[in-house]
Every structure is written in structure tokens, then in C-alpha cells.
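Heads up, there are several structures right after this.
Next come two complexes, and both contain chain A; in the first it sits with chain B, in the second with chain C.
Take a look at the complex of A and B:
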């Protein structure tokens, strides 16, 4: 179905970004900039949910001659950009104003921040709505360019270093993605009746069986290396801890919560083509290998970090690894679990990165040796941090538990018993790491000189909303989301649609899959 | 000499120019060699257009000429010309002679890999295809073997030229917009890297990648 909705969705943040860049800079941080920003992210949220709703009700929507295409798979990621983009955008208001007041950012950089923030949202939306595979690559490359200045916005030695590493590693990585894209396109244009159709993912997917198997395999390896760099998969993750720790906290939340998922989305698109063309064994072996390595290496690196934000960054690598494991286990349950875990991790990690922002504003440090007793100093922030840490460590009744449980279930169900047990054991290392954060920094004894009092409503409200999402998805994943994920899994697997039934404390722990009659 | 021979011969010339880009003593010189290399690339596109009769390739040649032969080198020599790091010197991790040997090894390996590809379109242009792949990896090698961060930017440009050539060889009839998208992105990438490089030079007073070691672990 052709619709104007995806175009409006894309235009929102783009127009917002251009408008903000065009605004004049005064001696103080401009309120107008913030108003335009809030309008843009509000519009983004509404449009993202609307596009998701329409996809759910009446099937995939396209625009620009199918160059832009939102099917259930894309709708999940559009929703992530919309929801997490909106909440971290709101959180930015209090955080960035604090930075301006304390002289860390000039009014000019304040404007640049919001301009690039919206541009970054636009590029991520473009990546997840692209059906044209070259446009998909262009968009992912553009996400790097759009967010590089956000990473280096403080202009300090360490932030510039992080920005440089980010740009170099990711553009080089994504150049591999370009090579994979080019190979796939050439392969398609060779065998398809209409060579121009080879540019569209939908056409390539429909005709995947006709593609040259050898080239499909080579292309998948290039794609996995290329977009895997951007997704923070081990061993291509080197940029991630630096960029996540040096960026302003709301940007860290966006990088970890959404950007990594957008790159994964591209990998999932190619995974679907590859499974059709050469069968599941080849791509799944690669995904399981990289997934397990990501979990294994990051669990220990996570544990030893003393810097709160670096710690959280390594935790992101670990969760990306878990998502890869889910994808690699395959089947409707594995794919569904992976997609749900992508969503759940986004909410929980965005919450914790915002929490790390509160810690920074309060203590002026990210060092876990310095940050002590947050619960006494800033009680609401402390409770939110603690809940977020427990959620990410995988405790019920929080959302991450539900999807982790499903991933492991899929692992046992698909016969990868030792791999699943190994990954589950590694998670205990992670739990220990989160206990460090909770027992030392959230509980612990606050420094005597520390002035008590929580941060303002502007920073706590978005965190409260994220917390609510973490709990809602922990107790009972909303019906539209499970339906969408079930259908997305069937898009990837190329089978009939299945509705996902996650385990919840209410329904009892019994993940089942029920065939949902296609309308 | 037939068109296909011309394509393969010119592709060989690309390796020579990319070695010049990598081994040039100053980033501003590299920019000039990069322009020369892009010009060779445009010639390859034109020769290929003559062979395949693809109209799209003529358009590509025009956009590539404008962006890669003129725009990007001008931006780079303007921005990089002013940046100096005396202490860094040439910033090579390996000697130019070793670079040449390394390049030869990469080219041979790529010929071996490409010989396994069974696509009918690729048959006649296999040497050029191998070189385009080698070009991609030479770019990567440039980033790894150069400590000067400005030279690393050229590494990316070489990788991008390599994939561009692969695209032209294997899918000469790709829509122009594809090519425009890739070219625009490459320009933005170079601009962003150049601006960051300038900020680093201003704040840290160095262009040495080995000096960027504050963040660890």
C-alpha cells in the first residue's frame, strides 16, 4: 500500500533539524531551539506510532516507488526510533541546559546539539525505512556522520579522540557494508528479469533462490562485518565504549538503545535474503559464533570497568550478542525473542544511560570509586538507577528477563544446549557487575560534602516513562507489539505469521507460539 | 586495443596511483595523487561505457569527475595544506618499499579470489575486478599503516574508489541515483573527517593517531 505517512515520518526530524540549524544564536541558550526540538520529536513519536498502527492494521506501507517501505519488521525499529528518540530528546532538555549553565557547552553548541540530534534521528529513520539497499547503506553511513559531532560535542581531548575513532572505525566498517551491498545488487541485476528491481530488498528477497549462492555468502560476510561494526559486534566493537562514554548521556542512550539496533536491522534484512538463497546453516553459524563471542568477551570487560558509562557500553555489546544468539537459533521463537530483546534492551539501556547522566550532573564524575550513595543524595534517581540495573542484569519482573528467557528457550529448543548453558553462565558475570553498581554507587555511603536533593522534573520525568515501559514490557508485553514481532519474525523466516506469546508473571512461564491466521 | 583491454589496463594504473597516494610525504600531495587516481577511474568508467553501451556509466563518469577529481581533492588540499605536525614526520609505520610489496601480495590474493567468481558479466573484466577488490583492501592497509590521521582519510577514499569500481564492473546499469547517493555520502564523510581532524589538530596539537590514547580498556 502506498501512503504519505512514511514521508511525513521522515520529514519531521529532517525539517526540525534544518529549522534548528537556521535559527540565530544569541548570548544565551535559545528557548526557540528547544521549542522547535520538542515539536519535532513530538511529531516523530506520533508519526512513528501511526506508521506502526497502519502497518499492523493494513499491512506494509511504501512510498517513493517502494524506495521507502515499512513492513512489520521495519515498524518495530521505527517504533524504537520514535519512542526512545522522543524520551531521550525530552531528557536532553534538562541535561544540556545543565551543561550550558556550567559552561561545558556554548549557546552555539547548544544549538548544534539539537540540530544534529534531529538529523541523527532522521538518518536512523531513513536506514530502517529503506527498501532500496543502496539507500540503506547511505543512511547507515549518514548515521555515523550525523552523530560524530554529537560524540565530540564537548570538544575536549578525550571526546575528540572518541569521535575520531568512531568516525574512522565505523566508516571503514561500513565500507565493507557497501561492498556487500554492491555484490548483492550486482548478483541480483544479473539474474533478475528487470535488473533495476535488484536495488529493492523486497524484489531481492522474493527472488533470492535465483541468486548465485557463492556471491550471496561472500556478500553476507561483508555485510556482517560492515554493519556489524556499527552494531557493536565483537571484534568490531572497538569504537563503542569510547563513543558511548564520551558522548552526552542522552546521546549515549540513543547510540546504545537505537543506533546499534538500526545496524542490526540491516543485518537482519540480509540474513533473510541469505537464508532464502543458501539455507539457514551458513548465516546462523556465523551469527551464533559472533553472538557467543560478543557475550563472552564483553561480560568480562564489563565486569572490570570502573567508569560507569564504559561499563554500560560493554553491557550493550553483551546484549547485542544475546540478540545475535536469538537470531542464530532461528525459528519463529528465536527470531521473535531476538526482536523483543532488541526492544527491551533499548528501553532499559536508555533508562540507565539517562541515569548515568543524572550521576554526572550530581557528582561530576563517572568513576564508580567516586560515585557513592546515590540513593541518599538523589533518592528518585537512585531508585530508577537501581531498578534499571536490576532490569539489565535480567531479574524479573523487568522486561529484559522476559526476552532473555525466550532467547535461552529458543536455544534449548533448537538443540544448541551447551552454547545456551555457556551463555547463561556468562550472564552471572554480568549480574556481578551490576551488583557492583548497585551496592557501591546506588547504595553505599555518600560523600559528606555532597549536597542532597534530586534533579529536576525535566530529567526525572522521561526516566520515569522509560521505567514504566520497562515494567509494562516485563509484566505483559502489549498485544500490538507481540503481533507485530510475530509477523516480523515470519517476514525474516519467510513462513506463515505466528503470534508471539512471551512468558509473563501473569500468564506463567510457558512461551508458546500460536499460529495466527493471516488476514 | 579493444575496449576491455583498455578497462583492464587502466585498472592496473589505479594500483600505481593508489601507491602514490599512500606513500606521498605530505597529505596535500596525497590529495593531488588522489585526484589523478580518480581521473584514471573516470577513464575506466568511460572505457567501460564504450564497451557496454551503458548510458548510466556516462552520467557516472560526469558525476565522478566533478566530485572525485575536482571537489574532494580541492576540499582536502585546502583543509589539509594548513595542518602540519613536524614531530610526526611522514608517519609511516612501514617503509614505502614494504608498502609496494604488500600491495603486490594483496593484488595476487585478490586475483586468486576473483578467479572463483562465476558471474558471466565478470568473465571479461576479471583482472579489473581483482584490482577493484585489491584497491579496497589497499585502502584498509593505508589506514592501518599510517599514523597521520589525515592520511587515514585517504585510506577511506581508496576503499570507496574500490567499491565504486566493483559496482561499475558488475552492475553497469545501476540507476544514477545510486551512484549519486554513494558519491554524496563520500563527500560528506571526507568533510566530517577533515573537520574532526582540524579540531584534533587545534585541541591536541598533533596529527598522530598514536597520540590519541587517552581512552583505554
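Take a look at the complex of A and C:
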């Protein structure tokens, strides 16, 4: 179905970004910039949810002659960009204003920040709505350019170095993605009746069985390395801890919560083609291998970090590994678990990165040796950090527990028993790391010179909303989301988009007998 | 009836939230009121349940399609254990109100909100474990109790206590992987998380699920090879040690094993053998560890390990077909909860009034503080199973059940015999400490002891009474 919605969705942040760039810079940080920014992200949120709703109600929507295409799989990621983009965008208001007041950012950089923020959102949206595989690659490349400026916005030596490392590693990495893309395109144009169709993912996917299996395998390896660099999969993750720790906290949240998932989205697209063309075994083995390695290596690197944001960055690598494991276990349960985990991790990680922003504002440091007694200094931030850390460590009743349990379940179900148990034990190392954060920095005695008092409403409210999402997804994943995830899993597995309706959740005290009767 | 069960879980949770958002001076009262309300609901539940003829009731609260995610079961076992954990929780809330004060000689404190919030949350989570009838529900509440216990053990925020707290959390979490496995296997085989579905598994499936649950239970109940967190967890404030490490949290392990055995409709014998052997090893190990302990709380920690091993032993014996051993196990869960809580609170009373809990310097307690002295003696006798105190009756049922199934399995004679020897040995050892501490002339710290606050005294009296009566209550209830 063609619709104007995806166009509006894409135009929102693009227009917002251009408008912000066009605004004049005064002596002070401009309020107008912030207003345009809020309007743009608000529009983005509404449109993202609307696109999701339309996809849910009447199937995939396309635009620009199918160059832009939103199916249930894409809708999940569009929703992520919308929701997390909106909340981190709101959080930016308080955070960036604080930086301007303390002279870390000039009013000009303040404007640049919001301009690039919206541009970054636009490029991510483009990546997840692209149906044209070359455009998909271009968009992922563009996300690097958009966000590199954000990473280096403070202009300090360390942040410039991180931005530089980020650009180099990701550009080189994503170049591999280009080989994969071109290989897939040439493979498709050889066998398809209409060679032009080979540029569209939908056509390639529909005709995947006709593709040359050898070339598909090679292309998948290239894609996995290329886009895997961007997704932060071990051993291509080297840029990630630097970029995540040097970027302003809301940007770290966006990088970790959404950007990694966008790259993962591209991998999932190719994974679907590969499964159709050469069967599940080859791609699944690769995904499981890289997923397990990512979990194993990052669990220990996570544990030894002394810098709060670096720690969180390694935790992201670990969770990406876990998502890969879910994808690799396959089957509706594994795929669904992986997609749900992608969503859950985004919310929880965005919450913690925003929390680390509050820590930075309060203590001016991210060193866990310096940051002590957050709970006493800033009680609300402290409680949110504590809950967020427990959530990411995988404790119920928070959301990460649900999807981790589903991944675990899928692992046992697909017969990878020892791999699954090994991964679960490695996750215990993570718990130790999060406990270290809480007991070392959230609890404890605050430095005597520290002025008590929490940060303002502007930074706490978005965190509160993220916390609410973490809890809601922990108690009961909303029905539309489960439906979308069920359909997306079915799409990836090669089934029709309507199959696999997940069961309806029922709440309230229902006598067992009724359940039995409905069976 | 089921709404009462739900209320018992949600009231303390609501209390915890209220504590978190209220000013610090209110925390104590809010926690006491809400845990008191939970006692009221659980007693109402008991009354309704027995008025309705003690017919087990089950209900599903959250389900995905046909798969029950969270449900409750109200039967004789869950009600009995719920009474113990909720009412002791209330007593602990009262006791803590006095214990966490400036007058405490060992740890002067003001009773921060964190303590009362997590205590209340813990009571709710405990009630959740007791009433839930799905494995996934047990896993959820299991992990919540773990997180609460971590927060409470680390309450004093000394490096040592934070380390102990993390140790407890991580060891029990590793063990909880057993529950992950059990829930997953059950789900993959039967497409449900209901405990009752264990009965539908074949023998291999049952063995895997039950042993996996047992592994999780060893972790929570501090059995070998996961015992090492419990002695370290004595860094917790003493009321917390009393509640978490005697009455409730360590009982989560044995309780989930009991529930799954009940649901399994006859478990494979291999499960019984694994359970019996590990229980006896833990018993012997725990007893040997009594000997070097000078700190009263650490001694009690090892005593808890061995008493829980008795319960595991009894549950495992019930696999061989002894209903008596099973009832003995449930009764021992109930009895031990009161007796050991009393003992820990005596330790707390001693450290509150004298500033130490090192046994060698504590003598002549009876002449200076008669109530504490009497409570010390009662607790020791009840734990070691001397009639007419409660421990005797449940231990008797366990051994009687054990010897009756031994006739078919001679090897069990040896194992139950070892357990009996341990029982005698621990009686002798505790008698030694009672003789050392209670009578005689007061040593300096005891002579200089501060008076015991009335609230703490009240709780000790209630628990002394229960240490005599609880066994009769359990016997009457279980029939």
C-alpha cells in the first residue's frame, strides 16, 4: 500500500534539522532552536506511532515507488527511533542547557547540536525504512556522519579522538557492507526477470530461492562484518566504548539504544534473504558464534571498566550479542525474543545513559571512583539509576528479564543447551558489574563538598517516562507491540506477514477452569 | 479468597512505595501498618479457607492465550507457610522499629527509608513466592527476593557488607539458572508454566525439571555447594538476618521444591537420592562448621544451613513414598521459622543491649536480662529438637518417615542414621553454649547492659510462645 505517511515521517526531522541550521545564533543559547527541536521530535513521535498503527491495521506501507517501505519489522525500529528519539531529545533540553551555562558549549554549538541531533534521527529513520538496498547502505553510512559531529561536539582532545576513531572504523567497516550490498544486487540482477528489481529488498526476498547460494553466503559474511561494525558486534566493536563515553549523554543513549539496532535491522534484512536462499544453518551458525563471543568478551570488559559510560557501552555490546543469539536460535520464539530484546534494551539503556548524564551534571565526572552517594545527593536520579541498573542486569519485574528469559527459552528449545547456559552464566558477570555500580556509586557516602538537591524536572521527567516504559514492558508487553513482533518474526522466517498472531494477554483473576475450558 | 491472597502480596508492596515517597520519620510506621494489614488479610484468608473446608483453589491472574504466566494457589501448605512468613515479617517490622535506633550499642542508626521500603517489598515478594502456582512466577519472585536481600544485607554500606550482599546476590542468581532451565523445559514440553503440568512430563522430563529446581533451591537455601553466601550475609542488620536468613528467604528454596514435588504426582527415585545425599553432606559439613564459631550470628547461620538440610532430607525422603516425611518437612518449615527467628532476635537483643554478640564474652545473661536469657534457652532447645518445643515434633516426623521408607532402601538407614547423629551432636553443642551464656555471674559487657526496649521484648515473648505452640498449630492444620 502506498501512503504519504512515511514521507511525512522522514520529512519531519529533516525539515526540523534544516530549520535549526538556518536559524541565526545570538549571544545566548537560542530558545527558538529548542522550540523547533521539540516540535520536530514531537512530530516524529506522532508520525512514528501513526506509521506503526497503519502497518498494524492494514499491512506494509510504501512510498517513493517502494524505495521506502515499512513492514512490521521496520515498524518496530521506526517506533524505536520515534520513542527513544523523542525522550532523549527531551532530555537533551536540560542537559545541553546545563552545558551551555557551564561554558562547555558555545551558543553556536548549542544550535549545531540540535541540528545534527535531528539530522541523525533522519538518517536512522532512512536506514530503517529503506527498501532499496543501496539506499539502506547510504543511510547507515550517513548515520555515521550525522552522529560523528555529535560525538565530537565538545571539541576536547579526547572527544575529537573518539569521533575520529568512530568515523574511521565505521566507514571502513561499512565499506564491507557495500561489498555485500553490491554482491547481492549483482546476484539478483543476474537471475531476476527485471534486473531493476534487484535493488529492492522486497523483490530480492521474494525471489531469494533463485539466487546463487554461494554468492549469497559471501554477501552475508560481508554484510555481517560491515553492518556488524556499526552494530558493535565483537570483534568490530572497538569504536563503540570511546564514542559512547565521549558523546553527550543523550547522544550516547541514542547511539546505544537506537543506532546499534538500526545496523542490526539491516543485518536482519539480509539474514531473511540468506535463510531463504541457503537455509538457516549457515547464517545461524555465524550469528551464534559472533553473538556468543560478543557476550563472553564484553561481559568481562564490562566488569573491569572504571568509567561509568564505558561500562554501559560494553554492556551494549553484550546485549547486542544476546540479540544475535536470539536471532541465531531462530524459530518464531528466538526471532521474537531477539526483537523484543532489542526494544527492551533500548529503553533500559537509554534510561541509564540519561542517568549517567545526571551523574555528570552533578559530579562533573564519570569515574566510578569519584562518584559516590548519588542516592543521597540526588535521590530521584539515584533511585532511577538503581532501578535501571537492576533492570539491565535482568531482574524482574523489569523488561529485560522478560526478553532474556525468552532468549534463554529459545536457546534450550533449539537444542543449544550448553551455549545457552554458558551465556546465562556470563550474564551473571554482568550482574556483578551492575551491582558494583550501585553499591559503589549510587550508595555510599557523598563527598562533603557536594551540594545536595536533585536535578531539575527537565532531565528527570524523560527518565521517569523511560522508567515507566521499562516497567510496562516488564509487566505486560502491550498488545500492538507483541502483534508487530510476532508478524515481524514471521516475515523474517519467510512466512506471510499476517501469520503468527501472538496470543492475547488476559488479566484479572480468572479461575483455572475457564482457561481449561477454552483449550 | 484469591483477592485476599493478592492483597497479601500487594499491600506490603504498596507500603514499600509509600515509604519511598514519604519523609523518613514516617517510614517505620508505614512499614509496620502495611505489614500488619498483610497479617490481617492472611488471617482472613486462613479463616475463609478453613470455613470452606480446606478445598484447594487455583486461579490464573495473567495469561498469554492459553499459557498461564502468573497464577495463585491456595491450599493447606501455601496458607500455612504464608502465615509464618507474613506474621514474622510483621513482628520483624515492630522489632526493627526499636532495633534501628540511636540506642543500639552495636550499630546506632536512624532507620533509613531504604530499610523499611525493602523490608515491606520483601514481605510482598515472599507472599508471592508462597502463593504462586507457575514456575515463571516463582522465578520472578525468587529474583525479587534476591534483589531485596542484596539491598538489605548491604544496608550498613560498609565495604564488607556490600561485598557480602553482592556475594549473596550473585551466588543465588547463579543457582536461579536452575529455575530458568526448569521453567524453559516445562514450557517447551507442555506449553505452560503451571506447576501442575510437571505431572504430564515423562520420567526424563520430570528428573530434569525437579533436579533443576533443586539446584535453584540449594542456592536460595544455602545448601552445599552454594552455602557460602549465608555466613557472610550475617553482615546484615540482625532483624534482617532473622527474617531473611532464618524465617523466609532461605525457605524459598525448600518451599519451591515442596511445591514441585506435590505437583509432580510421584517423582523419579533418582531425584530422591540426589536430594538425600546432598542433604546429608550438607548436614555433616554444617555441623563441623559449628565448632569454630564464636560469633553467635555465624553459629546461627550454620545452624540454619543444617536445619534446612533436614527439610531437604525430609522432602527427598518423601520421594520414596513417605507422606509423613513430607508433612514433617512442611511443619519444620513452619516451626523452624519461629524458633530460628527467636534465636536471631535474641542475638539482636544482645548486641543492642551489650554491644557485642561474641559468645565467649557473654555470660550470666539470665541474672541481668531474664527475658533474653529465657528466650536464649528456649530458642536453643527448640532448634535442637527437645520436647516440648516445636522442633521436636517436626524432626520426629522426619525421622519416623525416614525409617519407614528405609525398609525398602537399606542404604537410607545409613543416611538417616547420620542425620540422627548430627541431631544429637548439635544438641550437645548448643547445650554447651546455653550453659556458658545463660546462667552464672554476668561478665562486664552483660553487667553494663542497657535495658531492652519494650517493642523488642514484646516480639521475643510472642516468639517464645510460638516456639512452644507452633508445632501444635502445624499438626492440627496439616491434619
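Heads up, the rule we're going with is that the second predicted complex is superposed on the first by the 495 of 519 C-alpha atoms of A that agree within 3 Å, B and C clash if a C-alpha of one lies under 4 Å from a C-alpha of the other, contacts with A are read in each partner's own complex, and residues count from 1 in each chain.
Definition applied: a residue touches a chain if its C-beta (ideal position, glycine included) is under 8 Å from a C-beta of that chain, and two chains touch if they have at least 3 such contacts.
Predicted model only: the values in this text are computed from it and were never measured.
*Asks:* Please work out whether A:476 is in contact with chain B alone, chain C alone, both, or neither, and reply first, second, both or neither.
*Replies:* second
*Asks:* Check whether A:321 is in contact with chain B, with chain C, with both or with neither, and answer first, second, both or neither.
*Replies:* Touch partners of A:321: none, neither chain B nor chain C.
*Asks:* Quick one: classify A:257 as touching chain B (first), chain C (second), both or neither.
*Replies:* A:257: touches no partner chain.
*Asks:* What is the contact status of A:413 with respect to chain B (first) and chain C (second): first, second, both, or neither?
*Replies:* Second partner only, chain C.
*Asks:* Determine, for the superposed model, which of the two partners chain B and chain C contacts more residues of chain A.
*Replies:* The partner making contact with more of chain A's residues is B.
*Asks:* First (chain B), second (chain C), both or neither: which does A:178 touch?
*Replies:* Touch status of A:178: first partner only.
*Asks:* Contacts for A:85 in the overlay, against chain B (first) and chain C (second): which applies, first, second, both or neither?
*Replies:* After superposition on chain A, A:85 lies in contact with neither partner.
*Asks:* Based on the superposed arrangement, let me know which partner A:431 touches: chain B (first), chain C (second), both, or neither?
*Replies:* Second partner only, chain C.
*Asks:* Of all residues in chain B, which touch chain A in the complex?
*Replies:* Against chain A, the touching part of chain B is residues 116-121, 136, 139-140, 143, 149, 152, 155-156, 159-160, 162-163, 166-167, 170-171, 173-175, 178, 181-182, 184-185, 188-189, 192-193, 196-197, 199-200, 203-204, 212-215, 217.
*Asks:* Where on chain C is chain A touching in the complex?
*Replies:* 2-3, 6, 20, 58-68, 71, 136, 139-140, 143-144, 146-147, 150, 154, 157, 162, 165-166, 169-170, 173-174, 177, 180-181, 183-185, 187-188
*Asks:* Which of the residues in chain A come into contact with chain B in the complex?
*Replies:* 132, 134-135, 137-138, 141-142, 144-145, 148-149, 152, 155-158, 160-165, 167-168, 171-172, 175, 178-179, 182-183, 185-187, 189-190, 195-196, 198-199, 212, 214-215, 241-242, 245-246, 301, 304-305, 307, 310
*Asks:* Please output the residues of chain A touching chain C within their complex, sorted ascending.
*Replies:* That would be residues 383, 390, 395-397, 401, 405, 408-409, 412-413, 421, 424-425, 428, 431-432, 435-436, 439, 443-445, 476, 502-512, 515, 518-519 of chain A.
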